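One chain, chain A, appears in both complexes that follow, with chain B as partner in the first and chain C in the second.
The block that comes next holds the complex of A and B.
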């Protein structure tokens, strides 16, 4: 009996080996970045496939096909490729301006279902068609790695709020919250930059924040954020770098519905045009910084309320504090009538190495 | 009548033995006449086994010149301590081959004397070669049983150290000694071991490795279930823990049982170093084992099935290195693994000086050439070389061999099912290890079954004052290493 079991196990194992599909690394084409544009009432998909050259540089090849479905386009570009194109190493997905205004959730759905794609890939909106961005030549290590490093670097150390596929989907499906993505634009030949933040309503872009306001936006949506900001005072100019920020919301009153936002920032003074920085100057910088942050953040929230978007998640916050919360009335009147008090507390902990 | 028949048979035995022995030219039989009593006596011995100077200085002059009336007188006159008088003819063969000289008187046919005159050819005690340690004792066992037991008795001078001796092998008549401390070792273990050793039936046992294979719990396992060591200090230390040692005459390796898997990855030098250092080295060794077994299979699995697991910064390196290679990852890996095994085998069989050349030729020339020829990728070459290097960090040679063998089933499973296959293979390995026992004691202890006390000297080694108990899994008679119960706190004079 034991022998029969052993042999049947071995036989099953031998036959089961045929069920696994092999994807040997050098026998497949790795799609590392994808771009989607809306052209002539059709979705045009572009897949960036790097060709690794013997001298360790990367040649970027872009395959393009048009269709109505995201997956369809992959089937079409397979016909142009010598090796099967696989999606597992996808790093970044770009959406053209028009595509983003048309709605992107159908496309993102495909990524969400593909088990070989992680949820930590970056999504971004491009100014102009995304294919143009993919076709540039930015770094020897390949465009996909360049773009994804560009976004990551700016998230980790600068003003871009944290985004990826996971966070996008989470904000998208969360009631009382809307999604946002960074915007990328081409500046001259073989150069790109992050130009701002695209704000979504549902899966459509309705507004774009310029780079100037990204710092304040990040303060509102990220709990811990880093970033630099310039302060203009009466006579002098200063630049501070936030090293740590804390964001806290409080329901202040229900009638009228008021939310208090407390932003606590620990910052370093990195530049000052004056000769000497004393406690008095630091107090002044802190004061003017507090005023700017409060003013700009209130302005941002006003803007969101006018457009009917909620990237901060105020709706979600109020809902979590309210019994029998009604989203319909919230969307119609509640959100636009919401009062938001922003309070900022900046503390400059360092003012330079030499004092 | 029956008694007479027996007597005849016995006599026949002596005649038969002599008849056989006379065929060998190193058998000598000389007759002399005692000068005092004029009794004729005969001495017989095997020249290659006895020390002739003992015979000439301590036996013959006395036998010739002192009064020799009957066989009992031999005991009185010769200057040899070990003289045995016997009338059992069946002993003759064994005694002669153990280096005794047989003395018979012409007048007394039924009794005879044996004089001990063994020639001791013993290799000098040298430094341990396989388990070399920079610090600590530099003595290693040699091929003589008595010498080895002498090394042990010097380290454990207590009456509780018991030595039991069994002769094994129908032809080799190998002396096998079992040593244990009676006040500590679990009598059940001793009993089991004695039973197993007594039940061994084989013709020639030439080394302790034979014993390992003959008395192991699972004879089909690649893992050795008895620890072999050439260090008397290690044997002494584990005897004090309650383990049992087996020493085989003619073998410079003692065996220790019961043992556990983790003991194979602890070098005895660990006990000479500070506990932090030795714990670190042990962890490194365990990491090396895991690395050595798994890294090539992981390479094969990842490149064949799971390209999405490769970090984006590594993609370029991997793809470029494999671009020109016509072989799939599994063949590439097998080719390199087999090359390394060939090198090791060739290096082990060749004399030391030629062996070094093989290492250079193999490592550098074949490696570089196969990369340049586009047969293997340089990334895999590095991985395989590192894995081979890691497999040699195992302090016990036999375990190192088992580790190297394990890589091949893992490679096969990695090729068939990718990382899932590696996991399946690992489950098989784990099942095997959990089922494995050494002298009926769990082999994977203290990891499974978990024993917190024994963990203190397993993957890491805690300081000696934290180890007040002997290993638990053997159920020793006295589980404490010292009677006071305190943790050896240092006491200053003014306290």
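The block that comes next holds the complex of A and C.
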């Protein structure tokens, strides 16, 4: 009796494994990047599929299709592809400028819904059509890997704030907060760069920050950040790299509503144009840096208030300190009347290996 | 008093910890956060904590019932209502546990179908699962308890996986605390109690515990551990998702696992779901065992035949639930019945048992 049970179990397990569709890696086309553009009142989707060549390089193939009903362009693309296209290893999704101004949440819905797509894929807005960016040839490892590494590298060590699909959606659905994405543009043939930050109101881009303000933006939106910054003083110039930064918000007073932002930075000096760096110079650099950060961050927040966007999450912060918070009055008058005091505290700890 | 179970068929008291905990933690963990947040927003973790602690009262009642009647549900019913009425009243519980078994298996298969294999055949998978469960139950209750033990120990590492989501959390989401009315909190507590269900099996396996007095401690610990785990998961989930975003996800726990990135695995939720098989297995076995055990006690059908009969019924019933909506309804109704059973019928029975005890003494 025992034996019969065991054997029937084994047999069923063998047969049951054949009951689902197989996806063998060699027999599918992996979509690694996607781009969406809004052209002639239609959404044009592009899918980047890498073809692995025998000499270990990657050939980038881009399939495109357009339709009125945006998200399911994959079905149309399947007709152009020799193997079924699967979405499991999607790394990057790009949105063309016009698409981003039109609203992207309908498209993102598909990525949220599809269980096979990860939440740590990168989204980015492109200057000009996204198809053009996908069609370049940036690295031997394929464009998708290149773009995603480009963004990751800049998040981890430089001025791009932390971003991915999850964080974008989290801010998008958070009351009292708006989303943002990095912007990519092409500079010459086969070269691209991160050119700034696109700021969203709802799911539409309403403003773009240039690259030189990204450092300050990152200070405001990320709790801990790294980045480099140039300081112009009266006579000399210096470059400073932030090692650690800490960001803290406090509710200073309720009437009038005032939020205090404290930014604490530990930095090292990496370049100085003058002859010698002494304590006096360091103090001067710190002071000038403090002034710049406070001025620029206040300017940024003013700009957000004017545009009615809130990437810092000030609304969310005030809500977390207020019972029965009313978002309606907040949106109408609360946010634009909010006073924000930025206080920065830079400390330069080291000045390199020379004096 | 009659001896219901021979001494060698009994289990050590500490296994009660695993039996109760594993029965409580099931498919509910994958998606309860959204449902409770619907009512009390991000204050719902308070409901999770309070509901979890309130279960200890029910547990205490169940132990009192067990001690007084020295047996299982049927003994309690016979003690209160007499032999015939007792049997009639116990009979619906067979259907209840069959329903629980179907719900567990069907909701789990739905997860596999949505997340991994859309074309997985419900029937064949259930058949394989049923045969496995039958095989385990044929080994006796001690084997079922053993599976429960492994069903807790083996997937233990999953708890640490939640730490991977910490870089993306914002604990400001939880503030301000107590921003919702008591009514909201109660409503969310009611919804949460459905996720906590499963501890009622104690009333049915009571005669199998070697030293019930000593098992009390373990039973309470088991439930405390579940409460602790659920509260922790709730708080991490609330910090990870913003409120509007959470409402979009049917299985927030699985979505959270998507953030887990390890050098050898691109997407963790696949491992998690595969592992969930081990968590579901003891639940399914215990439900089937309870049903067949009752069948034996009530109509004197041999337990082996009873299992076959009930799993056959499960296999047929499971094919009727096809869409998300139907499966949702199935879960809702099972939860509703279980809720009234646990928070209505058990306290009621407890009072009756005490009353009859007093009358009999006189």
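Please note the rule applied: the second predicted complex is superposed on the first by the 335 of 355 C-alpha atoms of A that agree within 3 Å, B and C clash if a C-alpha of one lies under 4 Å from a C-alpha of the other, contacts with A are read in each partner's own complex, and residues count from 1 in each chain.
As a working rule, a residue touches a chain if its C-beta (ideal position, glycine included) is under 8 Å from a C-beta of that chain, and two chains touch if they have at least 3 such contacts.
If you're wondering where the values come from, they're calculated on a predicted model, not measured in any experiment.
Visitor: Thinking of the overlay built on chain A, is A:52 touched by chain B (first), by chain C (second), by both, or by neither?
Guide: In the superposition, A:52 contacts chain B only.
Visitor: Going by the contact rule set out at the top, does A:186 touch chain B (first), chain C (second), both, or neither?
Guide: neither
Visitor: Let me test your reading of the model: by the given contact rule, A:89 touches which partner, first (chain B), second (chain C), both or neither?
Guide: In the superposed model, A:89 contacts both chain B and chain C.
Visitor: Pick one for A:126: touches chain B only (first), chain C only (second), both, or neither.
Guide: neither
Visitor: Figure out whether A:24 sits in contact with chain B (first) or chain C (second), or with both, or with neither.
Guide: first
Visitor: When the two structures are overlaid on chain A, which partner does A:178 contact: first (chain B), second (chain C), both, or neither?
Guide: neither
Visitor: Specify the partner with more touching residues on chain A, choosing between chain B and chain C.
Guide: Touched residues of chain A are more numerous for C.
Visitor: State whether A:32 touches chain B only (first), chain C only (second), both chains, or neither.
Guide: In the superposition, A:32 touches chain B alone.
Visitor: Looking at A:321, would you say it contacts chain B, chain C, both, or neither? Reply first, second, both or neither.
Guide: Touch status of A:321: second partner only.
Visitor: Just to be sure I read the superposition right, which of the two partners does A:60 touch: chain B = first, chain C = second, or both, or neither?
Guide: neither
Visitor: Do chain B and chain C touch any of the same residues on chain A, and if so, which?
Guide: On chain A, the overlap between the chain B and chain C contacts is residues 13, 16, 20, 88-89, 116, 118.
Visitor: Within the complex, which stretch of chain B touches chain A?
Guide: Residues in contact with chain A: 302-305, 307-308, 310, 312-313, 315-320, 322-323, 325, 328-329, 416-418.
Visitor: Would you pull the chain C residues touching chain A in the complex into a rising list?
Guide: Residues 114-121, 124-125, 127-128, 131-132, 134-135, 138, 168, 170, 172-173, 175-176, 178-179, 240-245, 248, 255, 258-259, 261, 266-267, 269 of chain C touch chain A in their complex.
Visitor: Would you tell me which residues of chain A are touching chain B in their complex?
Guide: Listed in rising order, the residues are 13, 16-17, 20, 22-26, 28, 30, 32, 50, 52-54, 56, 58, 86, 88-89, 91, 116-118, 141-142, 144-145, 148.
Visitor: Residues of chain A touching chain C in their complex?
Guide: 5-6, 8-9, 12-13, 15-16, 19-21, 88-89, 112, 115-116, 118-120, 166-167, 169-175, 177, 316-317, 319-325
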